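In the two assemblies presented below, chain A is common to both, partnered first by chain B and then by chain C.
The block that comes next holds the complex of A and B.
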């Protein structure tokens, strides 16, 4: 029998091509992980929309001290001008003026600074607190876990705004941004701690942690280098959602008069100041309201996009 | 050969609500420098617990090393504190696990996982560690190592991941490598490659190896000596050829008989050891294998000592299983004499024909 015609397992092996053409597919595989993540994020249009909104908001907030002198509304917070009170939108005052004649756009821009600041810094503080406590509870378990989680349960059982109003009115120097940040952070780490704890409980049983321990790694290294990076998705989502909720919490506090105090302005303060003039000048409510809505929505959309993009399991093989 | 590891009367138990479980019940063995020792036995016989006890990696509580010593380079690991133990782990003793899929950190580059060990134990700079990581990957037979170093675990196949695990384990030139079922999760063809790799690296690095498996075929080609474990005890220990040519413990006979054979009659049932391993909460008194043992005699109610049955060959059994009369008796209770493996096992063969 002619061996070359035998179609069984001994069929001749096709020659291996020596030069492999660099197809787009191959080129993609050669890119760094950062590019892959960026690409995946950019392909998510909704998330990109959120990101763009946040870039615009942040830029406006950062540039407020630059824009305002140019517009000639230099000290909008403190300069009442009753002659132009409650005007509608115009070229000089695109968002109109408030009840004491201050330029609403100027207040809105400075308000954006405060709202974003409070949202971000309170988020950082509560992520720090939530991740630490969640990690300790999840990693060590036992009595430490029970104690910490019962504290979380207890704090979640307290009506949030009631306790915030009380604390704001009694302990914290009213109206300072720093005080508000601490106050919000003190009560917004709870869900993060729960999420991080559950991630830790699930992750710590994974074999790679035993393997890493076998290599001589200690607890701190396991937590910081191995478990937290594996839980980064939920932490990032938690963080972005927190900025949103923190902005809302701040606005609510300010709206009810327990947050920042006039003449300081945040979007919440603007809402509080203008709600009685809604029928006369709806723009005074729409501007800060939409500011809050868009920003919070943008943070949520971006958080979702980041979660999908950061998951390494979804990388093309 | 000088002794590297000496385990003396090691007893590890798990405390449970129902009472203590004796997972490892007083085992003793040594591993010499450069030697490969296999530990075989079925699930729950205490193989892995032995390995994890040596490295003190069992969660304590509920686990507890209640007695015994683990002398490694004349240092009792049982007495070391956690910081000292961390220097041993990965530095002097490394371990490879069963499932390479889940033994690597999914969100860390291969490179960083190798570099981490090197930095922990050898204090290399990042650049030195990376260079070494690359040569390690090459040493375990991963092609295109420079590029693969930047990859993530999910971009590797199971066999490749096990190679990476081995690269990490040998990164610091450990004196002892413990491989806990390193091939169980892999395809048969890949299994052979991994075993070959382990055997080669052991020779090249002069590392001692403890190979844990339930597959006698796996240990046959790699190890110098074999410990057969059953219910937390060592049933038999002997040089590898002795275990295969001249098994002296009924449990070893059972294990050998249960190895599937290509030349078995088509359609014939797979051979098993009847019964199941004892409940370690309530172990039988005496020999733990006696409820399943066709060779059982009255004397089995007391635990047999390690009886020397040959050169470096010990069996914890009262019965001389090579005695044709004992085999006749056992066959009436369902004992199937072993087919000869490679023309040996002459005693069993003639008994089977009788």
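The block that comes next holds the complex of A and C.
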């Protein structure tokens, strides 16, 4: 074992007394679990950077209807003005204008709303589905477990984009935000279910659950009050990463014309609209593209930071 | 081991069978399915009946499924769109996809190995941080956006830097140059390869990024193992221990990760082939979506699923061969 890891940052280490008496002073210094995790997360500068990017993006998205009247741009979906089509970035139009003369910044801000909405709502639906199915499989085991997990295996064997393109192109979504959210959620719960199942399998044999059951707790109480809180770490991490994945999925669907249909316009729709003008006005592609890149990057950084912060192996006192 | 292989094969076949029924029902029952495509509302009763007869759509669903499977395996399942057998349509396009896959998989594995190993050897070095940053960006880029940016970079920004052997601008679209008829065989190969460079980068970036991350952390885990310390204690040099003991063991789970991502590769192929205009089966899938060509779509889905299941099975078996601690019984 490496000796150096025992020399903490606050060397020299004072000799530890054999028995620590819990004085009021020490009790005040004890931190709750939430505080420990928050502290650990905040010390991870990269994860905090991700968090800050997300706060900025969310604020911009939320404030779009407030910012736009101030800027004097109208509803970006409905006000074409061919006289100013395909202009470069200027003071009036910081991101330039698109091929029908709509202000690109306005479209970008509203696009952020849609992209984040789809990512978040699809994540919520898919976490609900994944946790339920993973919990059922892991808790009850037996034929239920093997049936559910075979279904997961079978669904994972079909490449995601193939089935999504197909279902979206034929009937499923009709290009509405709600349809796309459901469609993405229907195929993105699989890994969450696997993770939750393995947490349940590991936790359900533990003594504290036997004790709780002996006290008369029913299955539902056991699952909701005792197992899920103990498995919350991996669930939170996969939820965070899922938002990023969902934003990529939605933008890919929309880019190929299988996702949202105008007037609903996410960053993916913006990219689809402006793809052919890349050489004339590169900003039209860079703005939504980098929007997606930064947002997904931020979710991934935060997810990894949360993974480290929530890891019980790294517990400190 | 033999019995294990047979059991796993049987399971895989059973799963694909169930999956084929599920996908068939999904495609043939949904509103907007084959009926909606073939039966134009303006179509008269007689013509409608004739069409239903021709494609067997007047039969009960289980029989339709059986006849779909029969036709598929006999090779006379016809595309709605071209009327040619589906297997011929796929066979014509398959070589392009196989080329793209072979190139991308090889590049992705080699680059991921290099980056992952270097990042693990020189943990917290400049190279490690650079590899980490590249990996994070690679994972957060949608594949189609990577493809667009590559087209823009090579086709517009760096147009004067990258030219082909014949002096023309670097190809950012299509499978061969317009003047390919006049090329010598050697030039033809070079031309085809040049057309594959950008699609290969676009398709492999995501996997280079995630696999190198995975390999780095699995290397760092392996280095902490007891047998690595034993090897060091025996007096073996760091290099020998690293490559002979640590890397070889870290590679075992790596194989599984590569196999699992095969499904992702298939999805990526549809995206890259469409953006770069390569006429492979990914493009065939995309085109068939527009034409609502259900026989082709269903067959391609089943084909992709079969490949995914096959590679996962192969990875599981390899895992057992490479890691003697795992015994199958």
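In this section, the second predicted complex is superposed on the first by the 274 of 317 C-alpha atoms of A that agree within 3 Å, B and C clash if a C-alpha of one lies under 4 Å from a C-alpha of the other, contacts with A are read in each partner's own complex, and residues count from 1 in each chain.
In the analysis below, contacts are C-beta pairs under 8 Å (C-beta built on N, C-alpha and C of every residue); 3 or more make two chains touch, one makes a residue touch a chain.
Predicted, not measured: the structure shown is a model, and the values here were computed from it.
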| item | value |
| --- | --- |
| Partner chain(s) touched by A:169 [first = chain B, second = chain C, both, neither] | second |
| Which of chain B and chain C A:296 touches, first, second, both or neither | second |
| First, second, both or neither for A:248, with chain B first and chain C second | second |
| Touching partner for A:208 - first (chain B), second (chain C), both, neither | first |
| Broader residue contact with chain A after superposition on the shared chain, chain B or chain C | C |
| Partner chain in contact with A:160 - chain B first, chain C second, else both or neither | second |
| Touching partner for A:275 - first (chain B), second (chain C), both, neither | second |
| Chain B and chain C contact sites that coincide on chain A, given as residue numbers | none |
| Partner chain B, residues of chain A touching it in the complex | 30, 32-33, 206-208, 210-218, 225-226, 229-230, 232, 312-313, 315, 317 |
| Sites on chain A touched by chain C in the complex | 150, 153-154, 156-163, 165-167, 169-172, 244, 248, 251-252, 255-256, 258, 271, 275, 278-279, 282, 285, 289, 292-294, 296-297, 300-301 |
| Residues of chain B defined as touching chain A within the complex | 55, 57, 82-83, 86-91, 94-95, 97, 99, 102-109, 116-117, 120-121, 147, 150, 152, 154-155, 165, 168-169 |
| Chain A partner contacts - residues on chain C that touch it in the complex | 15-16, 18-19, 22-23, 26-27, 30-33, 136-137, 139-145, 148-149, 151-152, 155-156, 263-264, 266-268, 270-271, 274, 285-286, 289-290, 292, 297, 300-301, 304-305, 308-309, 312 |
